[in-house]
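Structure first, then comments.
The chains carry the letters A, B, C, D, E and F, assigned in the order they are written, with residues numbered from 1 in each.
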Amino acid sequence: MIQQFIQKAEVLIESLPYIKSFSSKTFVIKYGGSTMEESIKRDIVHDIILLKYIGINPVIVHGGGPEITAYLNKLNLKSEFVNGLRVTDKATMEVVQMVLVGKVNQEVVSMINLYGGKAVGLTGKDGNIIVSKKRLPETIYDTEGKTEKLVDLGFVGEIERIDPKLIIGLCEHGYIPVISPIGVGFDGESYNINADDVASAVAQSLKAEKLIMLTDVDGIYEVAGNPATKITSLTINKAQQMIANSQITGGMIPKVRACIDAVSNGVKRTHIIDGKERHSILLEIFTDKGIGTMVIED
Amino acid sequence: MIQQFIQKAEVLIESLPYIKSFSSKTFVIKYGGSTMEESIKRDIVHDIILLKYIGINPVIVHGGGPEITAYLNKLNLKSEFVNGLRVTDKATMEVVQMVLVGKVNQEVVSMINLYGGKAVGLTGKDGNIIVSKKRLPETIYDTEGKTEKLVDLGFVGEIERIDPKLIIGLCEHGYIPVISPIGVGFDGESYNINADDVASAVAQSLKAEKLIMLTDVDGIYEVAGNPATKITSLTINKAQQMIANSQITGGMIPKVRACIDAVSNGVKRTHIIDGKERHSILLEIFTDKGIGTMVIED
Amino acid sequence: MIQQFIQKAEVLIESLPYIKSFSSKTFVIKYGGSTMEESIKRDIVHDIILLKYIGINPVIVHGGGPEITAYLNKLNLKSEFVNGLRVTDKATMEVVQMVLVGKVNQEVVSMINLYGGKAVGLTGKDGNIIVSKKRLPETIYDTEGKTEKLVDLGFVGEIERIDPKLIIGLCEHGYIPVISPIGVGFDGESYNINADDVASAVAQSLKAEKLIMLTDVDGIYEVAGNPATKITSLTINKAQQMIANSQITGGMIPKVRACIDAVSNGVKRTHIIDGKERHSILLEIFTDKGIGTMVIED
Amino acid sequence: MIQQFIQKAEVLIESLPYIKSFSSKTFVIKYGGSTMEESIKRDIVHDIILLKYIGINPVIVHGGGPEITAYLNKLNLKSEFVNGLRVTDKATMEVVQMVLVGKVNQEVVSMINLYGGKAVGLTGKDGNIIVSKKRLPETIYDTEGKTEKLVDLGFVGEIERIDPKLIIGLCEHGYIPVISPIGVGFDGESYNINADDVASAVAQSLKAEKLIMLTDVDGIYEVAGNPATKITSLTINKAQQMIANSQITGGMIPKVRACIDAVSNGVKRTHIIDGKERHSILLEIFTDKGIGTMVIED
Amino acid sequence: MIQQFIQKAEVLIESLPYIKSFSSKTFVIKYGGSTMEESIKRDIVHDIILLKYIGINPVIVHGGGPEITAYLNKLNLKSEFVNGLRVTDKATMEVVQMVLVGKVNQEVVSMINLYGGKAVGLTGKDGNIIVSKKRLPETIYDTEGKTEKLVDLGFVGEIERIDPKLIIGLCEHGYIPVISPIGVGFDGESYNINADDVASAVAQSLKAEKLIMLTDVDGIYEVAGNPATKITSLTINKAQQMIANSQITGGMIPKVRACIDAVSNGVKRTHIIDGKERHSILLEIFTDKGIGTMVIED
Amino acid sequence: MIQQFIQKAEVLIESLPYIKSFSSKTFVIKYGGSTMEESIKRDIVHDIILLKYIGINPVIVHGGGPEITAYLNKLNLKSEFVNGLRVTDKATMEVVQMVLVGKVNQEVVSMINLYGGKAVGLTGKDGNIIVSKKRLPETIYDTEGKTEKLVDLGFVGEIERIDPKLIIGLCEHGYIPVISPIGVGFDGESYNINADDVASAVAQSLKAEKLIMLTDVDGIYEVAGNPATKITSLTINKAQQMIANSQITGGMIPKVRACIDAVSNGVKRTHIIDGKERHSILLEIFTDKGIGTMVIED
């Protein structure tokens, strides 16, 4: 019994070098949304609170595609997708914002606070954190690769600049900021922005120590579908080749691009890890090897 | 032409004694929601920004009943009302929160930022600002005044305590907090709370100089429906009598009670004014007479 | 009646963009002295206090030639003037200092405090703000333009350097500094310094947003004496040409030179405006067009 | 030679206990004016600067009766005196203020700055430091002790309250405040106030460690005119008896009363010493016995 | 393998509530000296560093009897003991101080710094932290309980007062203070003070959350020598009875008295635990039951 | 009698320019140890405290060779010296540290505190102030100048870097740091370091105004042994020549080298003065000529 406690104490002690080296650094964590099981979410939230208590500043950016789709369905608002991007008209944008800000964000905030952290929900409109502009129309190519037409995406936006003052202020006063990927345009209008991009841009503006992408895969594979070929550490160069070679595809492309962008702009380390793995954040941080794929400078 | 400018300068100079006397004081403003015309909303927002720039700390609490009803209708969620309170089941509560936090709050934040302020949206869940508990079941009386039955209101809450630290911190750093009337319960659950009560409780916790209720009437009348009998200044005692005498009725009761509660707990002045009147906030503050009804200590 | 108040509120709101853009900036105001009517002085003082309350830091530099002359006459001390400069022997200097510091400065301070500001009178000797040296003797030319003789000016001084720490400290603590144009020499002796030069040098040392010269003319005319040819915006180059061409003459020359010097050394804007015009400071600041002549970079 | 330096070092070391015990305390010094010899003034100023450098906060209040009389004579303004107080009409008050603020104060400031201190001149009007009211008319008694008539004193004032914030702020930032005994009335008018009273009131408002009255006598004598009966330490009680017994007379009465008032209101020690004695301030402070008369609590 | 890491993460998460509840509290730890095995010392030091990194302020007080005895022997200085106290003449005191301050203290400091903390060694003489006086002579009783003689203990001291400013300052700047139990007397002489008393007095002066006595027994037994009767939680009353009943004896008495004294003077909890048990500090803190005996208020 | 006091006051006044010019500067003082007479030590300590009170930050580095030797003798530990350096095995190092840290340092601390300063003892291990490494073996040459053998010096160390944060923090909070010349190695081991080198390195890391070496000679002589040829001011170049020419020899070499090193790395002035001369520190500082030899830049 006592012996068991001692083993636990050993674990705490083993984590000491990691605690020391990350003390007062900032970690931006992209959190996939609320489709995961409750128990996994609770684990993630516990990990985040622990980071805060041992002197690290976690900043959360969340997504929420499935919840958005669910509510749009309830309201009979059908979304068209172009090149994987949701065409977002005004009515859709209103629902996107309500779901992200009024539902998903508050669920994360509430869970963090319930387990002992002090979270504050933010959107890119609060304090004009995420200034954005309309994304250019998407080009659709015909089967021969020729431009067939341009499709206006509506209120899908791109990040113009991040103003991190409010985020920094909250971190310094002991809060954990939880950010919805909504940007504000020139006339105050809302934009739907890719959450991976927001996480990357926020990490850059904070000169974060780490950008951690919680996904539902356990990393990037050399050979698609073959876990035995998981890449532990991937240079920017290699990553760009793998995208070009279609070794990295689909939803993983924006994540890897967000990592490349972050590493190229002052973020020390970026990690793509499996959020469904229990305590994946702590494992990534408190073990030498880590668990997912790390994208790093050449 | 120059003469006209000089008259304008005179107005600025006339406002000087008011600016001086309110410098660095806090005003909590209950803002009815977003059903008003755009132009009125813009005026209110301008007034609020002006307060901030001349050294007053405005804190906004918003409501949003009509928007909630509209969305519930779109989603075919019918609300039952008991004694004027919406019975709020889990699905309803989710919509309430989405509309208040993800729509109404962000619209206010966005408009303030568009016109040059720096607003930050908050809910009572952020930083556990509004700790709440479930409201007791409502009693329904039969026509003879006997208790007929008790109706559980679901996620309708009461305020247990306000933690104003986050609000104060944001004010001190130049932000205008905009608060949605959502409380957090013991298990992290959300509660729908009366916005008048939230405004009053926040004002008390901040020891505010003023609590200003923006309504759609221009004050309280001695004789119902007779604007000529508008009361400029109403003591707590008199207010309580008027409620007992049914001179004050309906939706005005919670507003007056919120004012009484505030004045009894350290808020200097409370005002019930007509938000549709242009620049009503400035008029109330920058004229000796004010424009609505002021509820004050005996 | 209410309608009239609303118009007043509109004026406040119209001033908002100006208040925002000048927030926490410094304005140095050269104030001609106390020969003006009481009511004009009161207007000027109100304007200055309003600036302070809306977050601008006004710093006042005053002159006082007429009051000096009046007291010298009472004491039978006759002044000789050379090239427009008063030859200032020791007895004269004592009177100059008494009148500027003990009379004019305290009148300005007293009036600001009476109407609700917090002014503090300073001379260049307090905290060694204005370190000066004796001005070289003035050359008098004969009618053929040859040097006829050199005249020693006594205690007329030039500015060697400004130490703005005391001024800045007072501004930050909510005070309005009012500065007499007295400099201190190497041995602690007092020097009589041109007030326009002091205002310009102080503005430079504070990297002021604006230097405002309150005069008794409403600006600079393209054609002397023709108000219809008033120049709204004058570049340094043009100003220097106009001095060379004798389009600018007499007492206006040191004012324009002081403006040129200020603009060339980091002061954003300089304005020559008519102090007798009611609320001229506010008009200059809170209207797009302004009212006098602005001297700006090329 | 070296031996002589060593003796000097010994003196510094001997002063150490005094330096330690007075570290960061405030001393208010009433300085009689500028009639003294230059060399004595220089010694006093050196003593004051030394106090500042060893961590004491000196605050100077000066008088200036003789200089005022001299200038009034030059201007042919004759003063009437009633019970030792100058009847001060508006013209006289203007001269009083000009001489005190524009001449005497600036001379003290200038000398302190010349020898290495950082002095700032203040009047009771700056920052409304000395709020005053008109002194009641003086009663003149006939030879039989009956009231003969009341004489209005014009702008002779009494202290209503001291606001020490500006003085404290300047001390904390390394400056030595030098205060002219001019008070400000309700309408902004100037009042001529007894400098001993100002020194006492300022010392009280600052909770000063010491109030030091520099006079031209070396203390209070038990037997008038007999230096052998000098009293080293005088209790309030004894002092009041001596005034009642006419052992203390004339100009010494207001000084002793100012000391009594100070000691009764929180000033630790008050000293009446001979300013003409070289380095009298240091002697009073850095020797156990002191040199003048100390007025202390019973 | 991953599974094992996950279990480790679980341990970290389990410690979260404890980390939260002790955040920014002070723990004073009495550390018995350096006779323990290296590996145990290393564990203790790791525990202390971990406390610091998770936001607790550990303050160490060390003893060192065995090392002192060893050096006295090498120097042929024989110590007499009276009632368990070492008679400490001047030569002995010099050795006591050299061993405690120059050897034991620096070993603890060095080990903490080696494993990643920032320790600073202090004695009670540094900044006059521990002001002491000579302990009264010890009474020796003959076998019949009569006073036989008084023995002067030399430089054995008692604590007069603790000045915690230096300790607090070091804690706030991230350091771990390590204190030798040497007090300073009125004339600057050193006193040998019981380390348990120093730990208790320091804890009181810091209003510490916990005083932890690391000993070589695992707590206090109801029945001497019977580990099965270990008392988990002991009230002051009970503790005093047990001393009176000789259930607590020998070297445990001063430890228990130090705990009683601490609890009676504002220290929340005191713990007597076995320092040889691995990670005993963490076990005591991070488990609900703890491991030793806790002395608490009645 | 009074006359005598006045002369003393004059001395204080004469010191004013020096006090002003050194205000808030740092002086590092190498203090030879405790072999001096008590009265001399008391004078030195008084001088140091006076420096602190007049606004200078003294930092003390002490040596202690004779005390070390005395204790090593008592313990029958014989030291071998190679090229003037003590071969320091582990047992010797333990004694070196105990004597320096536990005896000499605490004596200096205690005396400073006794006379009114606030000293804190430090070693290079506290807060890892002095990070060191093992010194290379010393080469012994035979009579023909050929390398005869290499001798390992044991725990004799060299300075790798100084971390002055702890020293600066203590100075800013009013303490006088007293530093023992013990360095900490990579594995936490202690190193015996030359105190002159420590004083020089500490002065460099603090960008000290002065490094003052208290020795037992009154400076450097042009002609060895001839006090009449004492050099007041010695350039680095000249100093290096004099070492090369053997005009500077023996124990003076490391002192001069430490001064050269300091001056070459940002220390303004270095002084070698006679600590046995009474008040030599004050004489050096408060007289224009000073008393010893000053080593300065070319």
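A few remarks follow.
In the analysis below, a residue touches a chain if its C-beta (ideal position, glycine included) is under 8 Å from a C-beta of that chain, and two chains touch if they have at least 3 such contacts.
For clarity, every value in this text was computed on a predicted model and none was experimentally measured.
The chains in contact with chain A as well as with chain F are E. Here chain D and chain F face each other with the same set of residues for the most part; over half of the interface numbers are shared between them. Averaging Cα coordinates per chain places chain A and chain C 57 Å apart.
Spacing of chain B relative to chain F, judged by their CA centroids, is 70 angstrom. Our note on geometry: chain C versus chain D, Cα centroid distance of 36 Å, whole angstroms. Multi-chain contact residues of chain A (touching two or more other chains) are absent.
The sequence of chains round the contact ring, opened at chain D and continued through chain F, runs D, F, E, A, B, C.
Across the complex, chain E meets chain F through its residues 71, 74-75, 94, 97-103, 105-106, 109-111, 113-114, 118-123, 125-128, 166, 169, 173, 175, 182, 184, 187-190.
By the touch criterion stated above, chain E contacts chain A in their complex at residues 2, 5-6, 8-17, 19-20, 23, 43, 46-47, 49-50, 53-55, 115-116, 277-279, 282-283, 286-287, 291.
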